[in-house]
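Structure provided below as structure tokens; questions to follow.
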Amino acid sequence: MANTNSSDGEVLSAPLTIEYPFRRSTGPILGAFFTGLREGVVVGVKRSDGSVLVPPSEYDPDTAEALDDLVEVGQAGKVTTWAWVVKPREKHPLDRPFAWALIQLDGADTAMLHIVDAGSKDRMKTGMRVALQWADERVGHINDIKCFVPEG
Amino acid sequence: MAKIQALEGVEPVTMIDAPARLDYTFTAGRATSRFLKGLEKKKLLGERSAATGKVYIPPRGADPVAGVPTDEQVEVADCGTVTSFCVVNVKFYGQAMECPYVCALVLLDGADVAMFGLIQEMPYEDVHPGLRVEAVWVDDNELSTTLENIKYFRPTGQEDAPLETYKEHV
Amino acid sequence: MRDVAVVSFAQSEHARALPGVNEVEMLMPVIGQVRDQIGLDKSRVGFTCSGSTDYLAGQAFSFVMTLDGIGAWPPISESHVEMDAAWALYEAWVKLQMGEIDVAMVYGYSKTSPGDLPDVLTRQLDPYCYAPLWPDSVSLAALQAQALLDTGSTSEREWAEIASRSRASAKNNPNAQLKGDFDPDVILADEYLVAPLRKHDCPPITDGAAAIILAADDTARELSKRPAWIRGLEHRIDAQSLGVRDLVNVKSLQLAGSAAGVSTGKIDFAELHAPFTYQEVLAKRALGLGADVQINPSGGALAANPMMAAGLVRIGEAADRIMAGEGDRAVATATQGACMQQNLVCVLEGE
Amino acid sequence: MATKGKHRVAVVGIGQTKHDSARNDVSLAGLVREAASRALEDAGMTWSDIDAVVIGKAPDFFEGVMMPELYLAEALGATGKPMLRVHTAGSVGGSTAIVASSLVQGGIHERVLTVAFEKQSESEAMWALSLPIPFQPPLVAGAGGYFAPYIRSYMARSKAPSHIGSLVALKDRQNGLKNPYAHLHEPDITLESIQESMMLWDPIRYAETCPSSDGACAMVLVGEKTADAHSKQPAWVHGTAMRSEPGFFAGRDQVNPRGGQDCSSDVYKQAGITNPRKEIDCAEIYVPFSWFEPMWMENLHFADEGAGWKMTEEGATSMTGDLPVNCSGGVLCSNPIGASGMLRFAESAMQVRAQAGEHQVDGARLALGHAYGGASQFYSMWIVGADKP
């Protein structure tokens, strides 16, 4: 219980922390995606028109039709849009400037959100190629992808 | 799933850990702050509603019946009557109390609403509606702006309050 | 459909932080004002609906506490959406369409100041693949802004001009939080916050509350000399996944705007809930608004953005201008979710 | 668009998940889709037939996802459609269904999907319901800690014998055995085992307490034209009502709150019911702690004040009594909080559609669904019938 009370004029305030170690069941499709990450592959799911969603979902985002045709996709792809973080926030995945990016992996038809560790904003460009970097320790989690880096 | 070679025969992931922590600065608001500052001086300050004449404690800023602010401060006694209670014997994440404990609704003398408080210094099977109780405060040097200044309530030894005095609250 | 109008609108002061009050204390004067300025007794309100969310203040059941501020006794017919209160207005409008009540009250509020808003909003995202990365709201908006820049149809200069115009307009709005004269050349020289967005491209973080009274048919005429009639009210949602969405064409806003009949008559002015400068460009396009439409005479969300109320404020600001005879037909919008995921469109007319 | 005034609305599709303490086999989306796709299947519809989606759940802290409907829109086929998120505390499942009904009754839509859920295993209900509030000692332990003193007050006021709570628990747990979706299936339960179970929040025993469940419920609500064309028996909505009152005020009667009394009077009036005990064939009532059955019997005008417990004791609320209550096993057998209210509404509709299987009340034509929330301060109710209103 927080009791380091500070007084702002007439009104009292105190720090409050809401914290919980949430543990989430993934279901089979996201489960396969996370299993793949742990094993060092990226898994997508095929829609009825043949296009591939990455990350995969149990449902078509447009029609809600159930999906379960899992496929493996590439570990490099192109940046469809990006945003350069000048000053990372405390909870951000990196503590030095980096880019958030939507990345369409080879073999995928949709883009996934992750980060690009490019060192400098000048290296970022829409359409650029990036390659996936695995985390040293992988447990089956989105953070098994450490980041993407500019290719070549 | 079978056609992805890397996934064949491996233990599938079914759960992920997603801990989350958010830090806030809680603001008590005007009415609650007035109440808390009273507690620092061992005073229980309720607030009377001009609309209904009722005294609210702890005040939350409004007379909920009329939807208007309560702003006349009224000191109420630090003793009162148990209107109902519960013996808590359940544990949960983040709980501060040791089980079992008695949590009671205490109608302080001078107040028109009962507030939750602990009952101690008596066997919990002897707690009953009508029981007269008084606040046991923390030591003066530990007083601060918190309801935790009241450690608990204990029986006063007075005779039980007659039902008519708290009938509206059960 | 039954004719329903906005007949009263009130809002609190909007500020970065209103630490002196809790949510009830912030809301109560607004509720009093929205009723009193049209002399409405609370017993005439047939339905009440509110919009708020627990996550902003870090308190569960916050809407339960604020019920203390409206005098819900004897018990009232009441509901709550965990959405911007513009959607609470939608629910109240639906109840009025059922024909059993004639007056409804809507309110929305948030105290955003207790938490770290960009962090808190990450909790709205896909809890498996997005939220664990903690992508803050400004960063996600910047992804959309960059995608828009890449189309070559807008510029950072246009965004700076939007910020400048909005905050200049807000000088006439006594409730606005961020107002004044900002030279686009000067603010464009600022550092990026998250490129391509600068501080001026982002909304202020705001504590505030707002309330509206809706009335139907003759009751609306009794309560207001010139009611702001709701001629179209529609809302739609898009997928959350940014990777499957067309970020530069806000489909849900297009669909809602077209269903609400925005383009069936001349629009005199618009109150667009576009918290980031570039979102005004997207919203104008989605609604097909031309250069002749005055945008955000109140200053819009760039001048004050009380979460869970800012959309309702847009409707209220537009209605106030219609009621005052400052225009005959207006459109107001509300948006929520990352990168304008969910949108509501309200077309208002005087008569 | 349709004409002015209130339109008829009926339930033509109902789905629910298997409720369990932890549905670790599904994601959040998978859980809501399990209920929603069953409701669509029951309605003979696909996702594309739906005009709008109305979703409800209790506080977002349970799953730690703020406004989770934003993430769930795709999973529920809502992309490009209107979607509303309702939250009225524990009554939310009921009020969500009422908002969905009003979209049809107001002439806005013809086919609405409504869904309510809770996946409590992502965190812990006791934690989420007892978040710290600065300056206050954390005395009240969850919902049980809050309600126990009022249950004690009811017992004192009505002079109900102490075994009534156990009788309710026994009845509902035995009813739950007939419901394949129920979370708790306890075939060996006896009055003795209930009375021997631990006092969690005295006077509430462990076995008289609802479980903490993962689960979801969904319904498809349609206009008259669609319902008439439907091959199965619809459940016609004869009345809906909601009431709210402040949770804390001087002189508040929290044992028999006026909000619940007013709400039930309103819904009976809409349905043309003058003698609820006689006219209503069965009821699904929100009973998270067994003592709430007798309390609600009084609040809902089925029994005089102080006499609700006699209905329980006489067996009137059992499946063979004159007013079967919670034939599904009720909240005492399954409590995915946000969905629990909708489950009451859906189970009442299943009864008048004669689709309740082993827990069907023979010849049920008119049923009440009830939910409450907060400090017994939010109420939502509906009356559904086999006949058109």
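So that you can tell them apart, the chains are marked A, B, C and D in the order they are listed, and the count of residues begins at 1 in each.
Basically, contacts are C-beta pairs under 8 Å (C-beta built on N, C-alpha and C of every residue); 3 or more make two chains touch, one makes a residue touch a chain.
Computed from a predicted model, the values in this text were never measured in an experiment.
Placing every chain at the mean of its C-alpha atoms, the farthest one from subunit B is found to be A.
Chain centres here are Cα means. That of subunit A falls 29 Å from that of subunit C.
Rounded to whole angstrom units, the spacing between the C-alpha centres of subunit A and subunit B is 42.
Chain centres here are Cα means. That of subunit A falls 37 Å from that of subunit D.
Annotation for subunit B: residues 14-16, 18, 20, 22-30, 32, 36, 60, 64-65, 93, 96, 145-146, 148 touch two or more other chains. Residue positions 19-21, 55, 58-59, 67-68, 72-73, 114, 119-120, 123, 127-128, 131-132, 239, 241, 244 of subunit C are each in touch with at least two other chains.
Contacts with at least two other chains are made by residues 1-3, 5, 8, 10-18, 20, 22-26, 30, 34, 57, 61-62, 141-142 of subunit A.
Chain-to-chain contact here is organised exhaustively, every possible pair of chains being in touch. On the side of subunit B, the complex with subunit C involves touching residues 16, 18, 20, 22-32, 60-62, 64-69. Taken together, the subunit C residues at the contact with subunit D in this complex read 1-2, 48, 53-55, 58-61, 63-64, 67-68, 72-83, 87, 90-91, 94-95, 97-100, 120-121, 123-128, 131, 234-241, 244, 251-252, 255, 336-338, 341-342. The touching residues of subunit D, counted against subunit C in their complex, run 1, 4-6, 27-28, 59-61, 63-71, 73-74, 78-89, 95, 98-99, 102-103, 105-108, 128-129, 131, 133, 241-249, 257-259, 262-263, 374-375, 377-378.
Chain contact summary for the complex, subunit D toward subunit B: residues 24-25, 64, 124, 126-127, 130, 132-142, 144-145, 148-150, 152-153, 156-157, 198-204, 246-251, 255. Within the complex formed with subunit C, the subunit A residues making contact are 8-11, 13, 16, 18, 22, 24, 26, 30, 33-34, 53-55, 57, 61-62, 80-86, 89, 91-93, 100-102, 104, 110-115, 121, 126, 141-143.
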